[in-house]
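Paired with subunit B in one complex and with subunit C in the other, subunit A is shared by the two complexes that follow.
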Partner chain A sequence: METPSSKTGLFFWDQGGRLGKALDLNWLLGKLSKTKGISCCSLLDDPWGPGGLSQVVEKVQKGELGRLLWVGRFSREQQGILKKKLAEEGFNPYLQEWCDLEEQGVCRDGLEQTVRNKKALLLIQMWLARVRLLEPLAPVEIPASDSLLVIGAGAAGLHAAVSLTNLGKEVHLVERQSGVGGKVASLHRFYPRLCDPRCGLEFSIQALSDSGRARFHTLSRVVSLEGGPGNFQVRLEKRPRFVDEARCNACGECARVCPVEVRVSAGSQPGGEPPGLLPAATRAIHPSLPMGFPVAYVVERQYCPPGCRECERACPSKAVELDQETREEDLLVGAILVTTGWDPYPLSKVEEFGYGLYPNVISNLQMEGLLGSPTETPKEVGFIQCVGSRDERHLSYCSTVCCSVSLKQALYLKQRRPDANCYVFYQDIRSTGFQEELYQKLKEMEGVTFIRGIPSTVRPEAGTGRLRLRVEDTLSGREVNLALDLLVLAGGMVPSQGSEELAQVLKLPRNSLGFFESHLQCHPEESQRTGIYVGGCSREPMGVAASIESAQHASLEALRFTGGTVIIDPKYPVVDKTKCDKCKRCMEECPFGSFYFDENEFPSPHLGRCRQCGNCVGICPLAAISLRNLTIKQMAAQIQAASTSFMDGKEPTVFAFLCQNDAYYAARDAVEAGLPVPPNVVFLKVPCAGYVNNALIADALALGIDGVLIGGCEDGQCHYVKGNQLVSKRSDDLSDKLQKMMMERDRVRFVNLEIRDSEKYTATVEQFVQDLRAMGPNPFKM
Partner chain B sequence: MPRSFPGYGWHREGVMSRVDEMDQEMMGQREGLPEELLPAIRCVQCGKCSSGCPVAFDTAHTPRKVIRLLQRGWLEEAGRSPFLGFCAQCQACTVRCPRGVQVSEVLLALLRFARAKGWVRPDGFHRSFEEMIRQRGRINELRLGLISQAGRLPSHPLEDLLLLVKMLLRGKLP
Partner chain C sequence: MPPKVDKEKCDGCKAQQEPLCEQVCPGDLMTLGEDKKAYCRMPRDCWDCMSCTKACPVGAIETRIPYQLGYHLAKLIPMMGTNTITWTCIDINGKVERFRYVNRGRLD
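Then we have the complex of A and B:
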């Protein structure tokens, strides 16, 4: 786009006299109209009434104005109206700025008139300096594929895929195991309705097959990822099934002739007990597990006796192909959903309960299998809660479902064998929401005893094989001794086995517990890589219902990057290649991993991945990166214009960079609430505290500003992961340099401000101004 | 039922009769806790320590209860707990604790604290034992036995006499 003329229009809206009451507007207008480059400087009476903007529109139509500055308090909505109105006349909306004098405190009571006028003039001059450098911008469109990738075809992944195919999207489901269904397929019943989970899973599988828009990639894993949201290039590695999926109709002839029996490990616990309701053993050629979908059988080739091709000979539809090989497939998808789910915590690590040592100590997942199978039901059954969970030696967190799972299992046990006795050993029963009903029901049931106390260890009874345990009933303080036939350990959830590898391939950050990181409150499904969404237990332990909900929420978010085109706001960073020395700091520090090497090996931001926080701008040691609508040059010009002192010569001046998500609101509300914010401070909004480059701070100090304040979020609250920490670390570095320059290191301060911290903001500025008075003027002050 | 120990001063097991007194002042006095007893505040009262304790349930208190008293800031009641005299320092509680409260260490520290405050007084045997260690660095078993039994008649004179003969024959006495 060509550079528009530098003729600037300056329009005041005195807000029904509010500005005029506080300021000498005539003096201001007189001063400003003489400023170079101003072609029009006038007062708008009522911009919202009929014809209120006619003079602006007229001038724009005639092409007399290249850029605009609005002075006064314009709300976000009003700004939008102005943008829209002028855009209709062909005026680029990015060529105007708004200068709110009121929020900077010029209208505050108890200020000297001269200070008010001078500060207002200075602010307008600062904004004018910025307006002079504005560039016309337009949104960028990037192409977006209409298909999505769902990694993990468990309950969460399947349900999300159904929603997506219903919306007409094409979905690729990647599953590590031979069949879909995940952990839920191996459950006997699930709450709250206590029905068979296979029913819901079959329902979604049918919906997916009928839609014709879902492709299942079983026995597969993601091995590489290129590109960005809208067009991710994904490479899958597909292990051979040794059976042609198109031909096989699961008649089972092959399994009848197969000479080898194989123990089922269901992929999750190699060599361990089969989790849940899956068969304990199968033939080497067997139906897909955990659910028989895809319909085709699968051969565990590593167990085949050398030279045996019995199944191939037996197959009536010639579907067995024992010479298949691993192959790769490339996919192009718009967005990625990660629903890799969970694995049970290895209970053998909790040594005191003898899991794996005594046959009648089982996990809660194995209990699902026992309840679903026709074996005899034991009479005396103990359930120990929080095994390995909420325990600093094992898992520090609560897996949220185990309490309700044990309640459910006790209920089914009592139904199968009414004379059974259940003992639940617990610390706290966390049956949240409607599960409380289940808890109360069981509490009143005869033969179900809740004992608040956890046994320390378990010993087998000599001869009988029963389990003896002793526990303190902490509510009564009495000792309880029991002999049990079966002990069920309610173990917790850990992220599934493949999630570590997947995290490496997708470059997806995980938290210290191994779950995929997200901003848990505001954007729970958004991972730290744009276009990749995390749902279900891969993000946080949760029940089946919650994980389906979470995956569907994730798919809703993911839709943004499908459907032909994605529109990118022109606020993305650009790297000045004449300055860049390829140090790669921006690549390292970008919280969303959005930088890649372009054809000349310069770091370049991927527009789709970028979330426009500006942390790269702040980190660049050469100040070579700019956000397109907030360039480093514009900022520097604004700072330069501020150097003229507006206060009495002896008073210190403070420049504040405030994060526009939190700290800015604190400052604005401080003025609005009439708090005594010292007039010495002038603030600038930045997209994130991490945007503030040390060069800008040095500029401000070199021009005679006495102190620089940076306001960022509280630790752990930054919407851009850790912008506040980065800038506070950098301002520490800068402070060291200042000390070497014989300047007080305290002239640069960092403060954590939450959105309602107006009082803290006021106190901080007051203290800062006081300290600066004590320090004396900046030695660079002219 | 737990045995009561009249010799160990007061404790009111399960008494909830003081309806007219407010307990706010007795709550949450963590500042008053000596540093070595502070780990007690991490306890979630799961009872795993008592469940595995080889000597709990033979006394009025269990390790969990002593920790609970500490959490509530009832330092003296905790310090006078009869359980402290029973604790064998076997570490079973420390090993099993899911919150990492070093239970047996806390109990030992509490015992020391109670001794310094004078809530627990060693009996004749313990006093002589300590005195001997302090003076010579080792125990003279014969002397210790005689001192601790001084002023008391032997409860089984004949058996003891026989034992004495046996010990002399085996060279166990100097």
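Then we have the complex of A and C:
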């Protein structure tokens, strides 16, 4: 785009006399109209009334104005109206700026008129300096594929895929196991309705098959990921099934002749925890697990005896192909959903209850299998809660579902055998939300006893094979001795086995517990890689209903990067290649991993991946990166314009950089609430505190500004992961340097501000101004 | 006299292939040690150009100025702005002088 003319129009909006009451507008207009580059400087009485804006529009139409600065309080909506109106006349909306004098405290009571006028003039000059450097910008469109990838075809993945195919999207489902369904398929009953989970799964599989827009990639894993949101290039590695999916009709002739028996496990790998409702063992050729979809059988080739080709000979439809090999397949998708789910915590690590030693000590997942099988129901059954959960030796967290699972199992047990006795050993019963009903129901039920205490010893009884338990009931203080037929351990959830490898391939950060990281309140499903969304238990332990909900929310978010094109706001960073020396700090520190090497090995931001926080701008040691709408030059010009003091005599001046998500609102509301914010401060808002480059602070100090304040979010609250931490570390480094330079290190301060911290902001600025008075003027004031 | 690296501060530019001081040093004297911290491998060859001191993003490098310019305790510290450089000169008696320059030779 060609550089627009530098003729600037400066328009004041008096706001019905509010500005005029506080400021000498004629003096300001007189001063400013003489400034270089200003071709029009006037006062609008009522921009929204008839004829109000027409004079501006007229001048724009005539091409008399290349840039605009609006002075006064324009709300976001009003700014939108102005932008739209002028855009209709062909005026680029990025060539105008708004300078709000009121929020900077110019109109505050009890301020001297000269200070007011001087501060207002300085602020307008600062914004003019910025307006002079504005560039016309336009949104960028990047192409976006119309298909999505769902990793993990469990309940969450399947339901999300159904929603997506209903919207006409093409969905690729990737699953490590031979069949879809995940953990939920191995459960016997769901709470709260106690219905069979397969019903919902079959329903979604049916919907997916009917849609014709879903492709199932079983026995597959993602091995590489290139590109960005809108066009991710994904490479899958597909292990051979050894059965032709198109030919096999699951008649089962092959399994009848197969000579090998194979143990089935709950995890995705053989030899793990025993499964829930799945068969404990199968032949080496067996239906897809866990629920026979895809319909074709699968051969566990590693268990086949050498040279055995019985199944191949037995197959009536010639579907068995024992010579298949691992294949790779490349996909192009717009967005990725990660619903890799969970694995049971290995209870063999919890030694005290005899799991693995005594056959009648089982996990809650095994209990699902027992309840689903026609075997005789045991009479005396104990449930131990929080096995390995909320325990510093094992899992530090609560898996949220195990209490309700045990309640459900006890209820079902009682339904099957009304004379059964259930004992629940607990620390706390955490039946959240409506599941409280289930708890109350069981409490009322005869033959269900809740004992608050965890068994101290579990020993087998000689001869009978039953288990003897000793437990202290901490509510009554008495010791209870029990003989049980079966003991069920309610173990917790851990991220599924494949998630570590997947995290490496997708470069997804995980939290210290191994779950995928996200900003839990504001963007729960947004991972720290744009275009990749996490749902279900891969993000946090949750129940089936919650994980389906979460995956569907994730798919809604993911839709943004599908459908032909994605429109990117022109606020993305650009690297000045004449300055950049490829130190790669931006690549290292970008919280969203959005930088890649371009053809000349310069770091370059991927527009789709970037979330426009500006942390790269702050981190660049050479100040070579700029956000397009907020360049480092514009910032530097604004700071330079602020170098003349507007305060009287020896009063210090403070320059503040405030994060526009939190700290800016705190400062604005402080002025609005009439708090005594010292007039000495002038602030600029930045997209994230991490935007603030040390060079900008150095500029401010070198130009004689007495103190620099940086306002960022509280730790752990930054929308961009850790912008506040990065900038506070950098400002500390600069403080150290100031100390070496025989200056007071406290001239640069970082403060954590939340959105409602107006009083803290006021107090901080007051304290800062006081301290600066004690320190004396900045030695660079020349 | 060689540049002195504050080992606590230096982060080896996150162990990238070349830290900034190594890239910028005209004599190719700076490099990373086994502890992934920068050091000057041939102190005698240093010209005291202060390029590394200016370039260090964490402010870990200080140039000890040669005795011809100032005895022990004398210091010369640059601070880089976007388009300015400020110098703080501290002499052996602790007297401080400060200068500010606008950079010439703009690349853009």
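The working rule: the second predicted complex is superposed on the first by the 775 of 782 C-alpha atoms of A that agree within 3 Å, B and C clash if a C-alpha of one lies under 4 Å from a C-alpha of the other, contacts with A are read in each partner's own complex, and residues count from 1 in each chain.
The rule is simple: a residue touches a chain if its C-beta (ideal position, glycine included) is under 8 Å from a C-beta of that chain, and two chains touch if they have at least 3 such contacts.
Treat the numbers as computed from the prediction; the structure is a model and nothing was measured.
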item	value
Joint occupancy of subunit A by subunit B and subunit C, clash or fit	fit
Touching partner for A:Gly433 - first (subunit B), second (subunit C), both, neither	neither
Touching partner for A:Gly564 - first (subunit B), second (subunit C), both, neither	neither
Per-residue contact with subunit A, leading partner among subunit C and subunit B	C
C-alpha centroid angle, subunit C to subunit B via subunit A, nearest 10°	90
Which of subunit B and subunit C A:Gly80 touches, first, second, both or neither	neither
Partner chain in contact with A:Gly453 - subunit B first, subunit C second, else both or neither	first
Partner chain(s) touched by A:Asp581 [first = subunit B, second = subunit C, both, neither]	second
Partner chain(s) touched by A:Pro316 [first = subunit B, second = subunit C, both, neither]	neither
First, second, both or neither for A:Val471, with subunit B first and subunit C second	first
Subunit C versus subunit B - closest C-alpha approach in the superposed model, Å	34
Overlap of the subunit B and subunit C footprints on subunit A, listed as residue numbers	none
Touching residues on subunit A, where the partner in the complex is subunit C	576, 578-579, 581, 583-585, 588, 619, 621, 623, 632-633, 635-636, 693-696, 698-699, 701-703, 730, 733-734, 736-737, 740-743, 779-780, 782
Subunit B - residues contacting subunit A, complex	2, 14, 44-53, 56-57, 62, 64-65, 92, 96, 98-100
Subunit B partner contacts - residues on subunit A that touch it in the complex	352, 386, 390-394, 427, 452-457, 469-474, 477-479
Complex interface listing, subunit C residues touching subunit A	9, 13-14, 16, 19-20, 23-24, 55-59, 62, 75, 77, 79-84, 86, 88, 90, 94, 96, 98, 100, 107-108
